[in-house]
Amino acid sequence: QQKVMYFASYGGSFEQAVRKEIIPPFEAKHGVKIEYVAGNSTDTLAKLQAQRGNQQIDVIVVDDGPAYQAVALGFCGDLEPADVYKDVYPIVKFKSNKAIGVGLVATGLMYNKKAFEENKWPAPTSWADLKDPKYKKKLVVPPLNNTYGVHAVIAAAALNGGGETNIEPGFQAFKNEIGPNVLAYEPSPAKMTELFQNGQAVIAVWGSGRAKVLADTGFPAEFVYPKEGGIALGTAACTIAGSKNNKEAQAFVQYLVSPEVQRVMAKSAGFGPVNQTVTLSPDEQKGIPYGEQAKTLRAVDWDVVNQHREDWNKRWTREVER
Amino acid sequence: MRHNGALALAFHATFVTFILAPIVVVCAVAFTPEGYLSLPTKGFSLRWFKAILNYPEFLRAFRDSLWLAALSSTIAIGLAVPAALAIARYRFPGREAMTALFLSPLMIPHVVLGIAFLRFFSQIGLSGSFLGLILSHIIVVLPFALRLVLAASYGIDQRIEHAAISLGANSFVTFRRVTLPLIMPGVVSGWVLAFINSFDEVTMTVFIASPSTTTLPVRLFLYIQDNIDPLVTSISASLILMTAVLMIVLDRLFGLDRLFLGSAKS
Amino acid sequence: MTTNPKLAPLLLSGPALLVFIGLVLAPLVMTALLSFYDWGQYKGIVAEFTIKNWHEVITDEYYYEIFGRTLRIALFVTAISVVIGVPEAYILNRMSPQWRGVFLLVVIGPLLISVVARTLGWALLFGSTGLISQALLTLGAVREPIDLMFTESGVVIALTHVLVPFMVLAVMAALQRLNPDVENAAMSLGASGFTVWRRVILPQIVPGILSGSVIVFALAASAFATPAIIGGRRLKVAATLAYDEFLNTLNWPLGAAIAMILLGALVAIIVGSNRLIERRYAQVFE
Amino acid sequence: MSYLALERLTKAYGGVLAVEALDLTVARGEFISLLGPSGCGKTTTLQMIAGFVEPTSGRAMLEGTDLFGVRPNKRGLGVVFQSYALFPHVTVAENVAFGLEMRGVPRAEREQRVKQTLDLVGLSGLADRYPRRMSGGQQQRVALARALVIQPAILLLDEPLSNLDAKLREEMQTELRTIQRSVGTTTILVTHDQGEAMALSDRIVIMNKGRVEQIARPDEAYARPASAFVANFLGKTNVVSAKVVSEGSRHIVDIAGFRLPVPDRSPTGPVTVTVRPERITFVDDPALGIRGCVHSRVFQGTHWLFHIETELGALIVLRQNDGAAVPLEGENVRLAWGENDLLIEALGAS
Amino acid sequence: MSYLALERLTKAYGGVLAVEALDLTVARGEFISLLGPSGCGKTTTLQMIAGFVEPTSGRAMLEGTDLFGVRPNKRGLGVVFQSYALFPHVTVAENVAFGLEMRGVPRAEREQRVKQTLDLVGLSGLADRYPRRMSGGQQQRVALARALVIQPAILLLDEPLSNLDAKLREEMQTELRTIQRSVGTTTILVTHDQGEAMALSDRIVIMNKGRVEQIARPDEAYARPASAFVANFLGKTNVVSAKVVSEGSRHIVDIAGFRLPVPDRSPTGPVTVTVRPERITFVDDPALGIRGCVHSRVFQGTHWLFHIETELGALIVLRQNDGAAVPLEGENVRLAWGENDLLIEALGAS
């Protein structure tokens, strides 16, 4: 009877890449069968919560926000020390040592190049452009319960001297200046894509990886890092506490940050590598936060954010999303 | 047999347009040569139909969906028919509470059901099994079956059943040979609705489906997580085509009309 | 069937009851209990009895607005489904068998296509750049592009489209058993086509309309996909609210409370109107 | 011992007493008809025997065992329902074959018996029709065939011939009689046709408002009705006032001057006299009978029906259409009858 | 000019010709009955006039305008359906009131007329019942009341009295006749009851297999049937073989030795002779008539029905129950009839 390990992560193109290129070598090497449980980050967390005490899943890869939450809720087990972790940028390591970043994307602005050209609009350059009234009902922003949404609010707050610890200016901006431009607060990548494809939206707050995937379909999408700086969004892996396949799970997380896998994820999912030993050719770098570009990114203090998250959510749904 | 008047036909045409409009749009988009949804499309290409073949897991999921829908709707109708007869025929204490219980799955957001089932199944060890999937689908589609059978069960002339009994038929035979054919229109439409809803259910199934048995809608849902491309529309168009072919075959073999409305209708 | 009338209903509904008690009641009770648990962003779900979730939902007018919208949408969708679905069922029923087969297919076929794909079609039609808006602009019917996307009207239209086939099927099942001579009798007494319809046919198919309405109403009130896609996040309904609490904030106790309130409201409305209608039309419910 | 016995059988629908304390015993092989005005409880009685209406009280015994302990499908009855209750979803042949199937009759025999029975009711060509596509009378015959084909020990027939023309009805009546004679079927027939009841039955049960008025042989009930209701219900009759006087040793009834001897035990004084219309003749002798004037004259095929105005009131007279000339409307006539044609009751006695 | 004219009205159900080229003109205020064996097309004809069955060909004219151009609800007919077709979801009173409502009759008048009509059909107490909770005959009367209450110009009645007892049926017949006379309603009645048809109708239409066999006054059709079918259908009859010989200046028919003079225009040679059973008498004179033996004797209330074995075959004889003694079963009798009671046809002529 072959061992089966359950790995939960995003569906879609990421799943395709992982199933095709990442899982087979690992299975061959460790003699284990990996079942891919697809779902977005919050689905995965919900599944963990539902099966608490009787966990089926062994390893997860989710956005860093939910990853912090997973750690906080005690779903993640300790990572066993391994050599490969030495090559990983310290910034993506969790203080708790219960999770580790496996990829990096940037939150910035995406726009429809063709539409901008038709309207003879210059390309956006700053977070402040979100307030420009010419984008009335043409802007899409993910909502606050989505990591990009958190980033957007923090960026808006930062424009007026705020930040994680002083979010008020962010909410004010969304309520009064950005809000009227917003066509929809849309968390689903699919629907975001669709709104762009049918021409209703021309500009959005979004991730570099998503923008790359969209651009790869041939759609004239363009990603810009705002001049105030993009925001770093990590993708993190953790092993599940109480996993029956802990040995394989540990090995899998180590495998995920190994150079060969990092390279694959950069190519197919647009994840900036977290392993310092990985080098990308200029062509491969396109659309990926890497090197200098990555250094300009601003990191979010999730401990602060998660502390206030409940209040923010409430304010958001009542004041902004109405 | 009287005919529909001009007004009725105009109404009918409008109704059909309303029903078909989004479907036609979806089908039209399926033939786009572009990599994204666009309408009107500039060219014509079968690219996205060929693309389906690159995803064998869709075909597998399609097969699983068919099985799941067929099994769960059949079991659901099997449970619903006697229950509907009880509700339609008898006045007994608890009748309304029972009806409400049977209908409750319609009224709970499916995400709640999904998580509740996931918790429940992982406690009784059914987590991730096909059986669990079937059980949960029986629950969500049973209300459809029940309501439609119920609508057909009211007003049946019981003397026809009495005639069968007087000729020596026991309860079961009477049911099978007389009552069931009489309520057949309701049973068939109930089954069809149950099937369709099981086939189309995604919000709940996302939680209970296991990686190895996943339904087509769940696969599609996950596929379009980060990107809606015309593959969704080409799969939908293929589904429409398949449904149409299946229905035409059924029509030729049995007569759709008879299947839905019973043979007794002139 | 003439088995003991006291025992018969129990025997008949027994199997379904068993399945439901085993499989619905358990999760339902679990969910109900869950709604009384505590929750925190960092501590997760804590099995301590509290009524704070209920308190929160009941005292915050934000939830009232959402429940109000949910019911409003569901009512509109149900009403429109009755208004267009019942005549359509009747028209279908009067068609020759071949055409009836074809159009039954037309009506039911779309149900087989994923809600997501169907709603996608609407999205293509609805937006300010969509076909409807463009067609109306070209025709000069409107001056500004109209945008049904992210509006309540858009949600109502799309939901009606998704749900009206249920009404048509339910009503057709009931139409089957009408005695055509009764219709003729009414006509011979001088009733116009419309009067025959209103006075003779409609009352007799009330069970079908009721069944259709119950299904449509319940589904509209608990629909998730269509309001989420067409309505977006600003037009929240109870189901999307519960979805958020369950999947985004992971505050299940609050989500459970919302779901229980939705369930309670729907059961009350449906059972209430069911009873009202069964009483009002007692004769046809035999 | 009686074969079927109904003992104080009662059925109340809500407040309405449909059948009240009905007592009836039926011998094996007997042919009984239930007669009575519309709504008097005939169908209800039949349905209670068949087991489809639960009696409010009372019981029914078949060969000494309580029938209500037996499930309806085990009672082995052949029933024709007043509304036919055909299976709408199967053909005529399948309708008729149903009971045989239930009895496990092999296919070949089944088909043959179905064919035979359909021939019997004159529906040979229509075996493959659906009931809805048939005329009313044809449907009724299918219902009859369905009950007959199983050759039941007891036949319960609820107006089985009401939609058939006279010709066919008579043929069917003959068939029923033949079957009953040859197979020994115990038959209970509900009919509104008194001629039918009289022609077929060993005994008739006359019901009124849920109660039995009389159970008797047909001619007996006709000749000696137990009540005014029965007399009136079983064929038309004339009721007039008269008085009985005793003249010497004889009693004489004086009906508006028309005097007839009557038996000595007749009450004297004012009486009501009942005379059946078929007993009244037209006479020429001006000394005889009473005078009248033809008010209307209705041709009814085998006979003529007259309404005659007399000083006793309007009388009805029936005359066989035997070719003799009959009076015209407006003609003056004299009516007479014999002393044996009278039924005399003291006034206020009934 | 005729009021209602059916011209070559034809209806085919698939291959089955239900009604074939039916021609019929009806005068205003006339009472017509359609008679014929079960399945001969009576209901179909009525439904075509009412507008619920579309004719395959032919037309119907009402006062010179084509009826098929008029929507069924504008034809202003009162129809009683063979299956009653009551509205199951409303009470008896509401059923009856429906037509009045459609005519905009004010509530007070409506209620009064409904009450009146329910009284007329003997259902006064049942106004608030639902049809399902009534007996068969009661339902039929509701259907009748519903058609009568609107006082239509034309009444189409499809077996409206088939489930009523004789008493009630006769009352209803009288009512129908009264209404027709007083209001001038043109009435077309379908009935299986020949007595009813004869008693009520100005003319009767005898149909067979979708075709009209004869249209005539009742007594005319009875006395001079246009075909053997009609003769046979309208009451029982006896058909025997005989031969006509000419003796000197006279023609004589010889029926097994029973010789009667016949008119000179009678064909000579072998003939068939038709004689109605009510025309046959029992005679004592051994020189007269023919010899027979009573095979069976059936009591039918107002009369007796005999089957007599003779050398001519079995003959049926009808004798009014006028109190005279009648022969017993097995008794030898002699039968005779008059020369005017015969209908003579050359053999093979019909």
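Per-chain numbering from 1; labels A, B, C, D and E assigned in written order.
Definition applied: a contact is a pair of C-beta atoms (placed from the backbone, for glycine too) under 8 Å apart; a residue touches a chain by one contact, two chains touch by 3 or more.
By chain, UniProt protein names: B, C = ABC transporter permease; D, E = ABC transporter ATP-binding protein.
No experiment lies behind these values; they were computed from the predicted model shown.
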| item | value |
| --- | --- |
| Number of hops, subunit A to subunit B (ABC transporter permease), where each hop joins two touching chains | 1 |
| By count of C-beta pairs in contact, the leading pair of chains | B-C |
| Identity of the chain that, by mean CA position, is farthest from subunit D | A |
| When subunit D is superposed on subunit E by its C-alpha atoms, the rotation angle in degrees, nearest 5 | 180 |
| Gap in Å, rounded to a whole number, between the CA centres of subunit E and subunit A | 91 |
| Length of the line joining the C-alpha centres of subunit C (ABC transporter permease) and subunit E, rounded to whole Å | 57 |
| Residues within subunit D bordering two or more other chains | 51-52, 71-72, 83, 133 |
| Sites on subunit B (ABC transporter permease) at which at least two other chains make contact | 1, 37, 39, 115, 119, 155, 165, 171, 174, 221, 224, 228, 262 |
| Where subunit C (ABC transporter permease) touches two or more other chains at once, by residue number | 2, 120, 124, 193, 204, 246-247, 252, 284, 286 |
| Contact set on subunit D toward subunit B (ABC transporter permease) in their complex | 47, 50-52, 71-79, 81, 83, 85-90, 98-99, 102-103, 130, 132-133, 146-147, 150 |
| Subunit A to subunit C (ABC transporter permease) touching residues, read off their complex | 42-43, 45-46, 49, 69, 72-74, 137, 143, 145-146, 183-187, 191, 194, 198-200, 306-307, 309-310, 313, 317-318, 321-322 |
| Complex contact set, residues of subunit C (ABC transporter permease) against subunit A | 40-45, 62, 120, 123-124, 127-130, 147, 149-150, 229, 232-234, 236, 244, 246-252 |
| Subunit E to subunit D touching residues, read off their complex | 13, 35-39, 42-44, 82-83, 122, 133-138, 140-141, 158-159, 162-170, 192-195, 198-199, 218-219, 222, 232-236, 276-279, 281, 298-303, 305, 318-323, 337-338, 340-341 |
| Partner subunit E, residues of subunit C (ABC transporter permease) touching it in the complex | 179, 181-182, 184-193, 195-196, 199-200, 203-204, 281, 283-284, 286 |
